[in-house]
Structures are given as structure tokens and as C-alpha cells.
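One chain, chain A, links the two complexes that follow: it is found with chain B in the first and with chain C in the second.
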Partner chain A sequence: MLFGLIALHAAAGLVVLVGARRLGRWGFVVGGTAPLAAALVALASAGAVLDGRSTTQRAGWVPQLGLTLDLRLDAFALLMVALVSGIGTLVFAYAWHYFAGSAYAGRAAGLLTLFAGSMLGVVLADNLLVLYGFWELTSITSYLLIGLHDDDRDARDGALHALLVTGLGGLAMLGGFVLLGHAAGTLQLSALLADPPSGGVVPVALVLVLLGAFTKSAQYPFHSWLPRAMVAPTPISAYLHSAAMVKAGVYLVARFAPAFADVGPWRPLVVGVGLVTMVAGGLRALRPFDLKQLLAFGTISQLGFLVVLFGLGRPEATAAACALLLAHALFKAALFMVVGIVDHAAHTRDLRRLPLLGAGWRATRAVALVSAASMAAIPPLAGFVAKEKAYAALVHGDATDRAILAVLVVGSMLTVAYSARFAAALWRPDLLVVPSEPRTTLDAGPRHGILAPALVLASATALLGLWPATWSRLVDGAANSLDPAAHAHLELWHGFNATLALSAITLAGGALIFALRRPVSALQARLAPRRSGVDAYDASVRGVLRGAGWVTSVVQSGSLPVYAGIILATAALAPLLAMVSGAWWPGWPDAIGRAGQIPAAGMLVAGATAATVATRRFAAALLLGVVGYGMALLFVVQGAPDLALTQFAVETLSVVVFLLVLRRLPDRFERESQPLLGRAARLAVSALVGVWVAVGAIAFSGARTAAPVSEEMVARSLPEGYGENVVNVILVDIRGLDTMGEITVLVAAGIGIAALARAGRPPRPRPERRSIREHREEVGA
Partner chain B sequence: MRYRRSVIFDATVTLVFDGALVLSAYLLFAGHNQPGGGFVGGLVAAGAIALHYVAGGGDQVRSLLGVQPWTLLSIGLALAVGTAVVPVLFGANPLDQEAYQVELLVLGKAKATTALVFDAGVYLVVVGLMLMILEGLGLASDEPLDDGEVER
Partner chain C sequence: MNLLLVVTAAFLCACGTYLVLSRHLSRVIIGIGLLGHGVNVLLVLSGGDGGRPAFVGGDGGPVADPLPQALVLTAIVITFGVIAFLLALAYRSWRVTGNDEVEDDVEDRRIAREAHQGEPEAST
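== the complex of A and B ==
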């Protein structure tokens, strides 16, 4: 069933992509069936899963490598599916309206469906490598979605930025997974978490895994891809960059924290990064005029909050984080949708140009207000319930907990401030900016259809706040499946206590920051670092390219003598050094085997020596032929007629081919132009190769310790290979596959020769071919 | 600069060519039990073809054989791969051999194995490669003068 859901996403996505042009925005209907089905399945199995009976499915893939396709739907996965598929379905409904009349609708629908399937895979995967595979698929589909408007340079750059950062993090994560899997002896996620390995490489592995999580969830200092990804159409931002993909990193932290939070670097790293992200993201969210940028930095801040809560790995914090996860997805997706609706009608989402929204916008503004209030954790909304829970988890702790709590409160104050900023943009934009030209008023509101999904989300936000019992069981189950000790009992009213006081302080502080927005903004402008994260990214990309260029220019000098020299020297030096350092010498062999070898050897030496001093290329080629024939003669003397025959034939043909090539080269070798140093180097390399070949030949022939395999080959040649000529039986039978590979190489070489020889030459004139019709016309018939 | 062909060389080449081809075929067939085999056989045939090239240039070789080099290459490769794959279809290991014996009345017994087909593939690839080299590296100046043309 779980496999079926993912397969359904893949199939629907591919169908929509193939028929993108014909389907247009109908693609959202076709593709939307997949997340809808997943949401319904999740709903149907919710009862059993929340009772602790998780659904697992398994299929072997490469069992030898421990690669099994394990899928598992436990309560936390159920919560994630609710985000991915539940909100996903609403986003599809929203996109149906948003993309009306857009040429990109079909492609967006197909990619969004594929993304939904990949994300589903991430949260369902119960095998580390499978999880990694789906993880990368979300990166790739996200790349394609951010760059949907592929004729827009900003879109392409933003997409590449996201892909490079998350892809790099993904690679680190893969390394971490492999180390962890090795340490635990299993790649199965649930087994690994149930019995976590410790010591040794585990801390390193965890840091690597966290790198993947931080890049994916846009934590500092990797955050800068997320604001840049806002070039994507708004439905994509609403889905990928608030509800689904950026939660993948949080998901990973959530899964790992209960098992690994006590391992050395985990808590300081995760909590530190999360806190920095929360505060820095909140500060940045106070500045942009673009509403989507505001939301993007707000998302970064909230992701930091989630990372801190999950990363603590403590039952109460985990339970609070589960609640916040859901509340955040509800209000953030709704806010993105609202921005998209306004953008669609006003053709801007810039605070400085935003029109006043008139009577037709009452519902939209209400949705925005409710969702922003939930983001600011104003009672009685879902966000408030979740944040109360978070404060409660830390308020009774030790000094460290108090310190963390203090930072969280500061971050939440900033959240209140930017939430107010967002709400003000839609209600009283002149509070924030007074433009030089007076604002126009936009009276005609959006159509009901496009608002409906956001309205559903805002209603849920209000409902879950007013009536926490509705989602208490889901959050409780999810927290419980992460950490058996975690229990969540969500309530709107806890009575007058420290938590409530903190909430009040947060709201008051946030209101103060908003009231003092002008001096705060001036201060921020003065203190803001001159180089942003995007600059750092650009600089590092430029640095990598420059480094690559330098390495290429050093390694690939384009000089044949240098290439040949390096290859030959390495081939000679490496084994020679190994032999010398091992003091390995089998002793001189018997000087001469047979008398016939002497004239053959003489011929070899004479030919080779003459070839080195020959001044004409032609002569050198012929002298090399002499060397070859001498070698063949040696084979004859040694009693190897097959080898000799082949050597004679090859040598003859080689001379012919040499002659064919040499006609294109100058007659004589040009010697005068070479500098002394170059000649010395060549001489050294040649001498080295000569010494190595001689020493190697002696060493190898004396090195045999095992019985030669050839004896068995001889014995089995006739009975099994049906041939008396062992050499041939080896070629066609015993090592037949080798021969097949070799003739394939021959074919490739032939094609290569033909291609090289023809490069730059005009195509050979072909005999004219005429069709029958042309022929008839010519004849006049 | 093109050259005038030599009658004596032409005649010698014609004589040697047939002999060399017969030799190459012998090497191919005898290879399994005596020195030889598809590779050497192919090289000998390629050498014979090269002789023809030297005598009459690329056009003469093309008209003599009437096949394109890549046809030979692909047929050869297909034969070799085929002999490797066919046994698999019958549930055996790739490149498994079968041996057959044929009574040839007066000439005695002949033994043949499926490895011969494989070897024939090797043979064709080698010949095809040589043709490919001649085709690729050959020059227009390799072509002899036509009857009416006069070298000055």
C-alpha cells in the first residue's frame, strides 16, 4: 500500500509531465489525485497507527548490500504525511487557480506531483539509503520547481543555489549514513534508532548527518538559498518552502535526537545552530519590503525554533515540537497563499507599492490576520497552544535550559514583530511605508476558489487552537513514536503560571519591537553585515570555479611529452620503489636458455639502438619493425609458434600503418629546438623505463610461488575446450569473455581512427544517390 | 602526387593475395588444434589487403571486397557476441562450446566446435579494423593514375 502510494505519485507525475502541454492546469487535477490518495490512506490508517501499530512494508533490492526498500508508517510519519499530503492536496487546489492561463501550469503540476512523491518517500523510508535517495529526489525536483521560469536568470540562479547547497549537504549526510550504518551493522532506520551505536566514528557521522539536515532546513549559515528560492511561483513556495521540503531536515533531527542527543557534539551543535537561526532569521524578517522575503526569513526563524526543540531530544520538548510542526505548516502555508493571491491581483508584493485592500478583501485579510496571529502565538490559536508547550518544556529546567528559553523568548518576540509587520501590510500598509505616490485602492477581491484552501488552513488554525483535543492525540502519538517517554496533552488554558507569563512577556516585547520599528530598523541598517549569505555563496562558487580552472591548467597542460612522461615515470617509479624498499630481488636468472636466442637478441639490440639514433621518422619506423621481427624470432626459438605467427603478422601490418601515418609528418625529427632541460628529462624517463622493464622482467620471472595456472589450462584444453592448441582454446574459451572485450575495443579503436582521421577533413564525396522520382523526372517519363 | 602502377607488382600481388587468403582461412580453421586462430588469420588477411592497397590504392580495395569496413566490424562483433549469448538462452554458461564431428568420406574426419564461430567473429573484426585504418589514414595520393592521365 505504501509502495503503491509512492508509485502513484511517480506515475501521475510522469503522466502529467509527458502531457504537460495538453493538460495545462488540468495537470493539477490529475497529479492532485496522488497526494489526495495518500492523505486518505493516512486518514484511514490513523486509528491503528496512533495506537502504536505502525505499518511496515519491505521489498528486497540489493540484499547483499543491505539495501532493502523498507517503508514504515508510524505515528510521527503520519504527522508528516498529514503535512506533505494533506497540505499538499490544498496546495494543488490553490495552484489550480493560481496557474490559470499560465504556460507553465502543466510542468509545474507534474514536478509538484513528483516532489510530493519524493517527500512522501523521505518521511516513509525506513532504510537510510532509501531515505537518502528520496532526499536527493526532493532536492532535484525542488531545483526544477524553483527554476520553473527557466527563461528568468534569477530563477535559474536561485534554483542552482538551492541545489548546490542542499546537494552538498546531502552528500555529507550520505557519508554520515554509511558510517552510522557501518557502526550499527544495519541500515534500517528503526533498528538503528532502537539500538543506537556509540563511540568511535558515531560523533563524526552525526555531524555529517546534521550538515545534511541543516542545509535542507535552511539553518545558519546555509540559510541563504531559501530567500533566494522565493523566485518560484507562490504555490511552490507555500508547499516546498514552508510545509514540506524544508521540514525534511527537521524531520531528520526529530528522528535522530531521542537516540543520539547525548552523544558529544549533538546538543551544543544542534541547539546552537537552531538558536542562532531563530534569532538571526527573525531579525532579517523585520527588514524586507517583499512579503515573500519576509515570510522566507520567518520560515528560517521558525525552522530554527523547531530544530532547537527537536534537537534537545527531551520528551517534553519533542512533544512541543510536534505540535509546533503542525501549527507552523498550517499558518505558514496559508500566509504564502495569501501573498500569492495579493500578488496575483495587485501585481506586486512590495510593501512600498502595495495597494490598499478594499471591501472585497475582507475574507483574505481575515485569513491573513488569523494565520499571522497564530504565527505570533496569540491565543486562542494553534500557534499559541504549541508555543505554550514549548515554553513549558524548558521553564522548569536548569540554568542551561533557562538560557535557551531566554533566547527562544527573544526569538519569539521577533516573530511577534514580523507577524505584526505582515498583518499590517495587508491592513494598514501606510503604517510601515508611506510611498511618494498615494496608494491605489483595490476593491474587487479574489475569486472564492483561490481563497478556499487558505481559508481551510486558517479555519484549522483557529479550530485547533480553540479545541486542542482534536489534535492532541495525533501530536501525542507522533511524539510517543519518536520517544516512548514523550506525551503531549494539548490544552488552551493551563491556568496562571510561569508559561503564561512568558507568553505575555513575548507578546509585549514583540509589540514593543513593532512599535519602535523605525529606530530598530535604523539600528539594523547600521549593524547589518555588508556581506550577505548570498555573497558568501557567490564567492565560494567563484572560488571553486577558479580552483578548478587552476587544477585543470596544471594537470591538463595539453603537452603530449608531459603526459607521456608522467605516465611512464609513474608506471616505472612506483613498482621500482616498492621493490627497492622491500629489498626484493629473486636473483639473476640463468643467463642463456638456448643458443638461438643470441642472434635474435642481437637483432633486437641493434634494431632498438639504431631506432634511437635514426634521424628520419621513416627509418625509425622500419627499425622498430626490425625490433618486432626480432621479438618474433625469440618466440620461435622459445617454442611458441602461435605467438611468433601473431607477432610477425602484427609487425608487418604495423609497419604499413606507420607508413600511412608518417606521410603526414615531417620527414626528419626536429631535434635542435629542444631545450637542454627537456632533453635531460626525457632521457631520465627513458632510462627509468628501461631499467624498470629489465629489472621487472627478471624479478617477475623469478617471483612465482604458486603452481602456474597454465598447467591446468593445458590439462583441460582438449576434454573441455575440444582443442589441442591451448593458446587458441584460452582465447576462444577459457578467457573467451576477455577476447570479446578486446575485439570490442578493436571496434572502438577503428571508429576512433576513422573519426580522428576525418576530423577537419571535408566529408568524402559520396556517389550520388537519386531517388526514383528524381530519376524519372530526369528521364522525362 | 599520384603514381604510375607497376605491372610486375600488380601481378605479384594478385598471385600472393589469393594464397594469403587461403592461408588465413587455413589458420582460422586449423587454429583450434594447430598454431593459428581467428586473430592471426585475420591479420594475415589484413596484410594481404594492405598489399592490394599498396598496389592500387583505396579504390582497388573497395572494388575488390565490395564491403564497407564497418559492415565487417559489426558482423564480426555480432558473431562473437552471439556465440557468447546463445548458450545462455539454453541455460548454459556464456561462451559454452559444443563440438561436432563430420565424416567427409575420402578426406577423413572433420571436427568443428562452436568456438569456430567466435573465432570467425574475431577474424572479421581484425580485417574490418584494417580496412577502417586504410579508409581513415589513406590519402587521395594513394590512388594510381588513370589510363589517360599523364604525370609530368
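== the complex of A and C ==
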């Protein structure tokens, strides 16, 4: 069933992509069936799952390597499926309206469906490598979705930024997974978390895994891709960048925290990064004029909040985080949808140009107000219930807890302030900025039906706040499946206590920040760092490109002699250096073996010397033939008549081929133009190779311990190969396939030679470089 | 194993290397031929000091190791194939450029120049 759901997403997504042009925005109807089915399945199995009976499905993939496709639906996964598929279905409905008349509708629908399937895979996977696979699929589909308008440079750059950051984080995470899997002896997530490994590599592995989580969930200092990804059409932002993809990192922290929070670097790292992200993101959200940017930094801030709560790895905090996870997805997706609706109608989402919204916008503004109020944790909404829970988790703790709580309160004040800013943008934009030209008034409301999904979300926000019992069980089950000690009982009213006081302080502080918005923003403009995260990213990309250029210029000189020299010198030097240590010297061998070897060796050395120093091409080729015949002589002496015959025939043929080609080329070797590799370097490399060959020959022959395999070959030659000539039997019988390959090589070479010889243009005679024949013809004439 | 053949093999390989590092394709080809011969001497060496041809039967005295011989046979033929192919390349080079000199890759030199000027290509 779980496999079927993912397969349904894949199939629907591919169908929509293939028929993108024809389907247009109907693609959202076809593709939307997949998340709808997933949501319905989740709803149907909710009862059993919340009772603690998780559904597990597995299929062998490479069972020999312990790779199994495990999927598991426990209560926390159920909560995530509610976000991914439940909100996903609403986003599809919203996109159906949003993309009306857009040429990109079909492609967006197909990619969004594939993304929904990948995200479903991330939250259902019960195997680390399967999780990683789906994780990367979400990165890739999100890359394609952010860059949907592929003719827009900003979209392409933003998409690449997101892909590089999340992709590199994903690679680090894979490294962490491999280390963890190795330490635990299993790649199964549930088994790993039930019995967490310990030891030296575990902290390293966790830091790597956290890198993946931080980049995906846009935590500082990796956050800058998320605001940049806002170039994507708003339904995509609503889905990927509030409800689904950015929650993947939070999901990972949530899964791992109960098991690993006590391991060395976890708490300082996770809580520190989360707190910084929450406050810095909140501060940044007070500045942009673009409403989507405001929401993007607000999302970063809220993700930081979630990372802190889950990262603590404590039962009460985990339970609170589960509630906040759901509340955040509800209000943030609705807010994004509202921005998209306004953007569509007003053709701007810039605070300085935003029109005043008239009578037709009452419902839209109500949705925005309820959702923003939930974001600010104003009672009696879902956000308030969740935040009360978060404060309650920390208020009775030790000094560290109180310090964390203080930062959370500050971050929440900022949240209140930017929530107020968002609400003001739709109700009284002149409160925020008075434009030079008076604002127009937009009376005609949004297109019919486009508000419905956001209305559903806002109603849920209100309902869940007023009646916490509706989702108390879901949050309780989810927290409980993460940490058996975690229990949640959500209530709207806890009585007058410290938590309520903190909430009141938060609201008052946020209101104060909003009231003082002009001095605050002046101060922020003064103190803002001159270089943004995007600048840092751009600088690092430029640095990588410059480094790549430098490396290329060093290692890729473009000169064949240099390449060959480096290869040969390395081949000689590396083993020689390895032989510096170790007792390998077998002692000097005899000076001379058989007497017959002396004339053969003399012929070889003399021929080779002459061929090397020859200045005429013909002479060099003929001298190579001399060396070949010397080889034949040596083979005769060594007792290898087959070799001698072959060598003799091949050498004769070689000389003929040489002469056929060389007659076209000038008689003498010309001086070489700009030799990058000087004569001294060539001599040094040659000497090095010679030394290596000599030393290697002595060392390897001395290292021989086993009896030669050829003794058995001699013994089996006649009885099994039916041949008396052992060399022949080896070639055609024992190594028959090898000989077959050799023949193939020769045939391929022959075909290549024929093609090279026949192809091409007619020769271009040049006055300064004439062939010998031309020269002769000229002289003869 | 004897020093004479060890030195011969090393000398052939050194001469071959020197020629391979040349810019003239015909010299490179001759160098590859020499390297091939040098390696074949090494292979023969690995079979010991030789002996009677490796035929089954006969007087039963020590025979030469047949396995290196089989390897050398393969090597001779493959080296021939390589040399013939390279000669065809040299011929083609002459047809196109009028000589057999292997020139530096223009594109590589351009990249190196740009890297030194510190102007990497645009990222997209």
C-alpha cells in the first residue's frame, strides 16, 4: 500500500509531464489524485497507527548488501504525511486556479506531483539509503520547480543556489548515514534509533547528518537559498518552502534527537544553530518590502524554532515541536496562498506599491489575519496552543533551559512583530510605508474559488485552536512514536501560570517592536551586515570556478609530451618510492646467462641507440627493424621458436608499413616548435623509467615464491589440449578467449586504419612543408 | 635472470621513453615500438634463463617456461596493431596539417591563459 502510493505519485507525475502541453492546468487534477490518495490512506490508517500499530512494508533491493526498500508509517510519519499529502492536496487545488492561463501549468503539475512523491518517500523511508535517495529526489525536483520559468535568469540562479546548497548538504548526510550504518551494523532507521550506536565515529557521523538537515531546513549559515527560491511561483513556495521540503531537515532532527541528543556535539550544535536562525531570521523578516521575502525569512525563523525544540531531544519539547510543526504548516501555507492571490490581482507584492484592498477582499483579509495571528501565537488559535506547549516544556528547567527559553521568547517577539507587519500590509499598508504616489484601491476581489484552499487552512487553524482535543491525539501519538516518554495533552486554557505570563510578555514585546518600527528599522539598516548570505554564496561559487581554472591550467597543459612525461615519471617514481622501505633486494643476479644472449643484447642496444639519435625518419624506422630482428635472435636463444617466427614476420611487416607512411613525410625531423618539455627533462624521465625497469625486474624476480603455473600448463597440454606445442595450446586453448579478444582488437585497429587512410580532404601542399614526393617531383621536373 | 638482459630491457625502455616524449608522431611511434621490445625482454626474463623449446615429449630435459612466451606473442601482435594504427594517425595528421607534429591543445592553452588572468567563465 505504501509502495503503491509512491508508485502512484511517480506514475501520475510522469503522465502529467509527458502530456504537459495537452493537459495544461488539468495536470493538477490528474497529479492531485496522488496526494489525495495518500491523504485518504493516511486518514484511513490513522486509528491503527495512533494506537501504536505502525505499518511496515519491505521489498528486497540488493539484499546481499543489506539494501532493502523499507517503508514505515508510524504516528510521526502520519503527522508528516498529513502535511505533505493533506496540505499538498490543498496546494494542488490552489495551483489549479493560480496557473490558469499559464504556459507552465502542465510542467509545474507534473514536477509538483513527482516532488510530492519524493517527499512522501522521505517521511516513510525506514532505510537510511532509501531516505537519502528520496531526499535527493526532493532536491532535484525542487531545483526544477524553483527554476520553472527557465527563461528567467534569476529563477535559474536561485534554483542552482538551492540545488548546490541542499545537494552538498545531502552528500554530507550520506557520509554520515554510511558511518552510522557501519557503526550500528544496520541501515534500518527504526532499528538504528531503537539501539543507537556509540563510539568514536558517531559524533562525526551526526555532524555530517546535521549538515544535511541544516542545509535542507535553511538554518544559518546556509539559509540564503530559501529567500532566493522565492522566485518560484507562489503555489510552489507555499508547498516546498513552508509545508513540505524545508520540513525534511526538521524531520531528520526530530527522528534522530531522542536517540542521539546526549551525544557530545548534538545539543550545543543543534540548539545553537536553531536559536541563531530563529532570532536572525526574525530580524531579517522585519526588513523586506516583498511580502514573499518577509514570509521566507519568517519561515527560516520558525524552522529554527522547530530545530531547537526537536533538537533538545526531551519528551516535553518534542511533543511541543510536533504541535508547532502542524500549526506552522497550516498558517504558513495559507499566508503564502494569500500573497499569491494578492500578487495575481495587484501584479505586485511590494509593500511600497501594494494597493488598498477594498470590499471584495474581506474573506482574503480574514484568512490572512487569522493565519498571521496564529503565527504570532495569539489565542485562541493553533499557533498559540503550540507555543504555550513549547514555553511550558522549558519554563521549569535549569539555568540553561531558562537561557534557551529567553532567546525563544525574544525570537517569538520578533515573530509577533513581523506577523503584525504582514497583517498591516493587507489592512493598512500606509502604516508601514507611505509611497510617493498615492495607493490605488482594488475593489474587485480574487477570482472565484482560488481562496478556498487557504480558507480551509485558516478554518483548521481556528478550529484546532478552539478545540485542541481534535489534534491532541495526533500530536500525542506522533511525539510518542519519536520518544516513548513523550506525551502531549493540548489545551487552550492552562490557567494563570508562568507560561501564560510569558505569552503575554511575548505579545507585548512584539507589539512594542512593531510600534517602534521606524527607529527599529533605522537601527537595523545601520547595523545590517554589508555582505549578505547570497554574496557569500556567490563568492564561494566564484572561488570554486577560479580554483578549477587554476587546477586546469596546471594539470591540463594541452601538451602531449608533458602528459606522457608525467604519466611515465609517475609510473616509475611511485613504485620506486614505495621500495625505499622494506627488504626486497634479492641480491645481484648473474652477469650473463647464455652466451648467445650477448650478440642479441648488443644488437638491441646498438639498434635502440641509433634509432633514438637518428635525424632521418627512414633511418629511424629501419633501425627499429634492426631492434626487432635482434628480438627475434634473442627469442631463438631463449628457446622460443614461435616468438622468433612471429617477431620476424611482424617486424618485416612493420618496416613495410612504416616506409609506406614515411615516404609522405619530410625526410628529416624538423626542429620542434616551443617544446614545453625540455631535453633535460626528457632525459631525466627516460633515465627514471630505465632505472625503474631494472630495479623492478630484479626485485620482482626475487619476490617469486610460488611454483610457476606454467608447470601445470606443460603437464596438461597434451592430455587436455591435444597439442605438443605448449605455447600454442596456451594461446588457443587455455587463454582462448584472450586470443579472441586480441583478434577483435586487431580487427578494430584495421577498421580504424582503413577509415583514417581513406577519409578526409585532399592534401594541402604548403610551400614550407612539402612531402618528399612533391620535392622529388619538383626536382625531377 | 641475468644482469645483461636486465640492463638491455632497461635501456630499451629508456630509449623508448625518450622518443615517446617527442612532438613528432613518427618518433613517438618508434618510441612505442622500443618500449614494446623492452617490455617483451622483461617478459622473457621472467621465464628464467630459457631452455629447450616448450614442446611436450622429447628427451625430458628442462624446457623454457611457456607462459611468458604466450604473453610475449600476444604483446608482439598487439604492439603491431597499435603501431599500425598510430602510423595511420600520423598519415592523417600529414593529410590535414602537412606534418606529423602533435601541437598543443588550443582550448587548453586558452583556459590556462584565462586562469592566469583571473577571469573565470560565467557561472551559467
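FYI, the second predicted complex is superposed on the first by the 648 of 781 C-alpha atoms of A that agree within 3 Å, B and C clash if a C-alpha of one lies under 4 Å from a C-alpha of the other, contacts with A are read in each partner's own complex, and residues count from 1 in each chain.
What we mean here is this: a contact is a pair of C-beta atoms (placed from the backbone, for glycine too) under 8 Å apart; a residue touches a chain by one contact, two chains touch by 3 or more.
Remember, predicted model here, so these are calculated numbers, not experimental data.
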Which of chain B and chain C A:Ala611 touches, first, second, both or neither: second
Partner chain(s) touched by A:Ala485 [first = chain B, second = chain C, both, neither]: neither
First, second, both or neither for A:Arg663, with chain B first and chain C second: first
Chain B versus chain C as contact partner of A:Ala620, first or second or both or neither: second
Which superposed partner A:Gly736 touches (first chain B, second chain C, both, neither): first
Partner chain(s) touched by A:Leu746 [first = chain B, second = chain C, both, neither]: both
Contact breadth on chain A, by residue count: chain C or chain B: C
Contacts of A:Ser553 with chain B and chain C, given as first, second, both or neither: second
Partner chain(s) touched by A:Val18 [first = chain B, second = chain C, both, neither]: neither
Contacts of A:Arg758 with chain B and chain C, given as first, second, both or neither: first
Footprint overlap on chain A, where chain B in one structure and chain C in the other make contact: 641-642, 646, 650, 653, 657, 661, 723-725, 727, 731, 739, 746, 749-750, 753, 756-757
Of chain C, residues touching chain A in the complex: 1-24, 26-30, 33-34, 37-38, 40-42, 44-47, 49-57, 63-70, 72-74, 76-78, 80-85, 87-92, 94-96, 98-109, 111-116, 118, 120-121, 123-124
Interfacial residue positions of chain B with respect to chain A in the complex: 27, 31-40, 43-44, 46-47, 50, 53-54, 69-70, 73-74, 76-77, 80-81, 84, 94-95, 97, 99, 111, 113, 115, 118-119, 121-122, 125-126, 128-130, 132-139
Residue ranges of chain A in contact with chain C within the complex: 153, 156-157, 160, 541-542, 545-546, 548-550, 552-553, 556-561, 564-565, 568, 588-594, 597-598, 601, 604-605, 608-609, 611-612, 617, 620-621, 624, 627-628, 631, 634-635, 637-643, 646-647, 650, 653-654, 657-658, 661-662, 664-666, 669-670, 672-677, 682-683, 685-687, 689-691, 693-694, 697-698, 700-701, 708-710, 713-714, 717-718, 723-727, 730-731, 735, 738-739, 742, 745-746, 749-750, 752-753, 756-757, 759-766, 769, 771
List of chain A residues in touch with chain B within their complex: 641-642, 645-646, 649-650, 652-653, 656-657, 660-661, 663, 721-725, 727-729, 731-733, 736-737, 739-740, 743-744, 746-747, 749-751, 753-754, 756-758
